[in-house]
Amino acid sequence: MNIDKNQIAEHNQQLMAAHQRRLSQVIDYLPNAVNIVQKLVDFQVAIPSWALGTGGTRFGRFSGGGEPRNLEEKIADIGILHALNRSSGAISLHIPWDIPKDYAAIRALAEEHGLAFDAMNSNTFQDQPDQALSYKFGSMQHVDKAVRRQAVEHNIEVIKHGVELGSKSLTVWLADGSSFPGQLNFRKAFQNTLESLQEVYEALPDDWKMFVEYKAFEPNFYSTTVGDWGQSLLYASKLGEKAYTLVDLGHHLPNANIEQIVALLLMEGKLGGFHFNDSKYGDDDLTTGSIKPYQLFLIFSELVEGMDARGMEHAKDLGWMIDASHNLKDPLEDLLQSVEAILIAYAQALLVDRAALQQAQAANDVVRAQEVLQEAFRTDVRPLVAEARLRAGAALNPIQLFRQQDIRGKLIRERGTKTVATGL
Amino acid sequence: MNIDKNQIAEHNQQLMAAHQRRLSQVIDYLPNAVNIVQKLVDFQVAIPSWALGTGGTRFGRFSGGGEPRNLEEKIADIGILHALNRSSGAISLHIPWDIPKDYAAIRALAEEHGLAFDAMNSNTFQDQPDQALSYKFGSMQHVDKAVRRQAVEHNIEVIKHGVELGSKSLTVWLADGSSFPGQLNFRKAFQNTLESLQEVYEALPDDWKMFVEYKAFEPNFYSTTVGDWGQSLLYASKLGEKAYTLVDLGHHLPNANIEQIVALLLMEGKLGGFHFNDSKYGDDDLTTGSIKPYQLFLIFSELVEGMDARGMEHAKDLGWMIDASHNLKDPLEDLLQSVEAILIAYAQALLVDRAALQQAQAANDVVRAQEVLQEAFRTDVRPLVAEARLRAGAALNPIQLFRQQDIRGKLIRERGTKTVATGL
Amino acid sequence: MNIDKNQIAEHNQQLMAAHQRRLSQVIDYLPNAVNIVQKLVDFQVAIPSWALGTGGTRFGRFSGGGEPRNLEEKIADIGILHALNRSSGAISLHIPWDIPKDYAAIRALAEEHGLAFDAMNSNTFQDQPDQALSYKFGSMQHVDKAVRRQAVEHNIEVIKHGVELGSKSLTVWLADGSSFPGQLNFRKAFQNTLESLQEVYEALPDDWKMFVEYKAFEPNFYSTTVGDWGQSLLYASKLGEKAYTLVDLGHHLPNANIEQIVALLLMEGKLGGFHFNDSKYGDDDLTTGSIKPYQLFLIFSELVEGMDARGMEHAKDLGWMIDASHNLKDPLEDLLQSVEAILIAYAQALLVDRAALQQAQAANDVVRAQEVLQEAFRTDVRPLVAEARLRAGAALNPIQLFRQQDIRGKLIRERGTKTVATGL
Amino acid sequence: MNIDKNQIAEHNQQLMAAHQRRLSQVIDYLPNAVNIVQKLVDFQVAIPSWALGTGGTRFGRFSGGGEPRNLEEKIADIGILHALNRSSGAISLHIPWDIPKDYAAIRALAEEHGLAFDAMNSNTFQDQPDQALSYKFGSMQHVDKAVRRQAVEHNIEVIKHGVELGSKSLTVWLADGSSFPGQLNFRKAFQNTLESLQEVYEALPDDWKMFVEYKAFEPNFYSTTVGDWGQSLLYASKLGEKAYTLVDLGHHLPNANIEQIVALLLMEGKLGGFHFNDSKYGDDDLTTGSIKPYQLFLIFSELVEGMDARGMEHAKDLGWMIDASHNLKDPLEDLLQSVEAILIAYAQALLVDRAALQQAQAANDVVRAQEVLQEAFRTDVRPLVAEARLRAGAALNPIQLFRQQDIRGKLIRERGTKTVATGL
């Protein structure tokens, strides 16, 4: 199931006049806005292989249909997304769910769809059928050295798969922690985890990065052994210069100021990447931008400012990925909405009048500083995002085209209604 | 210190061309948008008398200058706001801070500025110098009937002041509660409070409303006797048809879904009014729309939908008021930003394609429902809000004019730098 | 697998001397304490059928072994618990997981173990294999009347099973809600739910109660249609006198004052029952008393006081049930710990010097009020709880006996290591 | 106003028989418990000078009477506490509220009462009448170097006062932060703060410690520049080996696992001290142990374990201080309750069977680990705490004696009813 370039051209043709009119209006009062279009074109958000199927909660899962049944079909799905928006040009694999049988064939398939291989993800939070030792009481933190060893070796294996595919980074998310006071010795758990991470770090190729992801709670409900940015930074600092902190928007305590965390990690040179999603209560894994779009903008505002200050390239020097669970929506539509929200926030952040903001900050003019930010946020940047798609050869309105072409229907006819993709 | 109409005209003249251009662009793709301008013109947000001075926290207060020293100057301040935006046409008084010496003179002064008298506010959370009994352990909940009686009589006195001024509602915010387990018998505290409220209710004129405000915590830190919407609704239902619940955006536990509360209170016919502000942690009392503008939009979306469903008039049938604390910003500039944010959210809510939303809801098309809401939210409605101001005789850019005219400077020269307005 | 009375007698014999010594010490300075032992004997906590197997999270499940494979084995498990502590004398069934094939046989089996049938639980939050319509977008709130009808009929069927078994109540927990703004019309969702509940209520036998359970979030992450005690009370009030609110300790927003909610529901005559568990972040479903034992005590303190004030019988007039998820612990050991924690909290609450507390409250003596509560809480009441078990024929130390007798080992040998009980 | 030793002796004589009986019962089943009494005797909690007066909130303050009017009377108040419990043998001063006029006289007075001088506290969160520059927009973070310099010099002055009095540490709590997005450049604020702290650090005597306190929010409501333990640790690490993190129990986001933070800071050798209080919602500053006594125990459990592991002396190697606000209770009674709760938690933590806990942890026996902790927590250790007081020459029941002697009444007669101590 591929999107034909002619379909996109035809779709764009129908919407072109209205688009050009809207775009010209924006440019009319924001003449420099057009400069940001190229940055939007360059910006790519990786899609995790596990986000292509219907998610669920511990209370149940309501599957849709036409979900990808194997790695090839996952690549095909992301190919569809990328054809539609030209902003989803990378796939993030999860091992053991996505072990390739034939690296060359998978590489070729990805290339065909214009997809790169983003960060590799290991899994030590579940027991696999053939697994020798259980992760019930943790993996890298485990009191039993043999379990820790098993977790380390799994991660090293994940790196090997990644090397074959051309990935350049490993994301380690550990569910390790405890659900009851007394269960863990916190310091020993930290030390065991650090030692395990060091063993994986030793196996990391020189041009790779290791992302240490943190999470406040769930699936453990009393403590998490990489529980906040402070802990992650401690691990990353002790590990070395290839180790970085990864921020997932849903992995914080209520009311945390994530944008400040982002700014400080950038300051320390330790921000490695981002997992986008949105949430109201915990790690709700909702569509990015569906609950707190202003927070998303503020985070991007810090990213742009901090990366510029460090001379980083927005499009390349951080790992950008969506990490969500699609319980109610069609996963592909949900991902299209998420990417759109990310690009809008990025465009708004690029619109911020940095000189005016600095001036307001230098003068403690709080009213003006807010106005500068809100001036950017309240601007309707959708024509700019659409223009970026147009220039990149994507669809002006990806969801509309997805529906008009009945892509889900075609996938169901191709794959069946009872497919359940691997994932959560 | 008044704003001259010529100043406004001149200011508008300078911005007119750009405004007209922006407005015509919006109307170009939203031809019906212009219909909502009149609703924006009609919409008035009351300003509380205590929001005109610099606020503070328990750690200190950093006063600005030129704050109003008496009721007359408070009215003058709101007169300035209303002249600038024509959306702040009401004042909400706080007794005993604002007891008028001469009702007729005060009424005349307000009329001169085009201001109505919104809800009257009583104060039983502080001890006044001449007060017989202390509210240290509560007022209407107090174990001592004499204290409860004092609180009741104070509220009745507040009503009397309001009757003289033409107000039509009483807002009762009780700080009553407890800071330690065991301090209160919760049921007795509820019963005492109910009995006290009933006594005030008896004294309420037939054409008045009583608003029972709830708050989750602060200044009591273990329990609050009117602590959430469920409790407020219980009181309001037991009191009678003139009693309503008042929602203050900052008075909830973390992550509360305020828009759902609003919808249910409207459904029950018990939503009386609104206190606008914004917050990240607790009752932070920040500028409306400065932290969670999407939530503000969602709340307005429920208000518009629910009021339409009940045949209510947006501009009149609810009490709309700002309730914030201006610790860092110039209070008048802060209020201008808040009113602007409120009007933007209201305009966006009016833009929501209700038919499309209902259709999406009826089809469980969650993706589409989100698109319908975000279509409205992502639209830049500032030209519509500006047009409403223009039509009403206000300034196209109130803050800009406020600064150009150096209004704060003039107030300081008139009133001095050491003035501290009554309030929090 | 049954617990032999001789095993218990022998176990008790070994611990008897130490127990008597400890008991006599408590009685030495709390001569009236012995009076509460009978109340502890009478107090029974129902065990839900789904709590007998290993739980899990959306990230995975780590099963133990020897889990009950059918209703008969679930009854046997609770029989073990009840034999060990004589405080777990009821089972709460979940339909369709526990549909009996032969009512009489099941009744006889339960009777054999001394177990009553507590509240029946319906399930409209999951799709069953043979189900006509999906609950993906809700059940009783659903926009489609046919889905609502299906949910109603399921609940009526659950009542019928309950009538056959001698149950007297139905617990309705609805996962209904929404995960995205715009997905639901809150008012219509409420009205649909109310209408559906009314249809179930119509089918409720005269001597039955209906418990309307509320929950702040999960599995929906934006709104829940029975989301807090205020909403539940609204439904229960509109339904009629057989409808009550059910409080689950884990179903609140952060920092909620649950004990106040309990007191107010008792005041309104609308508290129906309790689901015990503990939590730090959300509905963590941890062992009761493992995280916030003081809160548990404060809740019991309100229950005792409020029930006494209404002339209710502690042991009978509320539905008491554990509702937890045992992800890491042996489910039976976890339940024994939970029941122990509940009895300790109850005993401490019974120890509170009510006259002294009232006196302190009447005098606003906050220091003294705290002392009165903490005097009870800091008392080591374990000898009283043990004595209650002794008098009831249970084991002085249930977990110790459970382990000494290797009951889990026996269950595994009997049932196998790969069993997975129905549940979450 | 001093407590006479004879009064204490007489008081103890009256309670002695009951105490000895209770103590002997505890020792009967916990023969080793008596060994912890000496540790309790040695444990001293500093009292901050600002906790001796009635506190308040931004909504008001309800003063009691007899509050200390100057430093001499503050020392006298703590002298009373220390005479009553012999566990409050240190005072923590706040500059500029407590600038001594005559160091030698103040030292002599403190010595007379058996009091040492604990950490000195600086104040850059308020403007003093004679202050050149305002801290409205921060102190050490300020965009204006002159303001930062003023804050640095103030801290250096505080150190000088401390040197004269024999203090050995400086606590820096910064209210610095922002209330609105855009107000601050987070990185510059951090860098400015770090540079300022470095300048103070340069002035720190070799045998002093600097405590960098963190706080999640309030009085700033969007960001705090030393906002969590991760930030504080970053500052402390960059500053050097004399810099440490200080943990205040109320300074966290909802649901934070404070005990884990404590364990990790101890692991890093960077835990400097503790501010005790309790809270439900934010920095509520309630009596220690009044809301979450189990959490307090768990924190002490980590402290004991971690300090033992590092060979630290419990009584000396950390700074222990109460930091609370007494809005409703008599400040001295409140402090007595707090110290009592701290000693109880400490005693319980000392009772934990460490070998059994380690064994359970090594076996992943979560049930047993919980039992080991709860065995200690459920034990009534009050006789041990009372015995420690007895041995130290303090009162068996300090609050009872405080009331019997009508100490507050005497203070009011001595100082008047209208006194208001400096503080919050």
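Residue numbering begins at 1 within each chain, and the chains themselves are lettered A, B, C and D in the order written.
Assume a contact is a pair of C-beta atoms (placed from the backbone, for glycine too) under 8 Å apart; a residue touches a chain by one contact, two chains touch by 3 or more.
No experiment lies behind these values; they were computed from the predicted model shown.
*Asks:* Note whether the interface between subunit B and subunit C is symmetric in residue numbering, meaning over half of all numbers used appear on both sides, and answer same or different.
*Replies:* Comparing the two copies, subunit B and subunit C contact each other through largely the same residue numbers, since over half are shared.
*Asks:* Across the interfaces A-C and C-D, which one involves more C-beta pairs in contact?
*Replies:* Counting C-beta pairs in contact for A-C and C-D gives the edge to A-C.
*Asks:* Counting only Cα atoms for the centres, state how far subunit C is from subunit D in Å.
*Replies:* 39
*Asks:* Let me have the rounded angstrom distance from the C-alpha centre of subunit B over to the C-alpha centre of subunit C, please.
*Replies:* 43
*Asks:* Tell me, which residues of subunit D touch at least two other chains?
*Replies:* 136-137, 179-181, 183, 216-217, 222, 254-255, 257, 280-281, 287, 290-291, 294, 328-329, 366, 370
*Asks:* Using the touch definition from the top, list the residues of subunit B that touch subunit A in their complex.
*Replies:* Subunit B residues touching subunit A: 18, 21-22, 25, 28-29, 254-255, 257, 280-281, 287, 289-294, 328-330, 333-334, 337, 344, 366-367, 370-371, 374, 377-380, 382, 399.
*Asks:* Show me the residue ranges of subunit A that touch subunit D in the complex, using the header's touch definition.
*Replies:* 136-137, 143, 178-188, 190-191, 216-217, 222-223, 227-231, 233-234, 253-257, 259-260, 263-264, 266-268, 294, 298, 302, 305-306, 309, 357-358, 360-362, 364, 366, 369-370, 372-373
*Asks:* Can you name the residues of subunit B that touch subunit D in the complex?
*Replies:* It comes out as residues 55-60, 62, 125-127, 134-137, 175, 179-181, 183, 216-219, 221-222, 254, 279-282, 284, 286-287, 290-291, 325, 327-329, 424.
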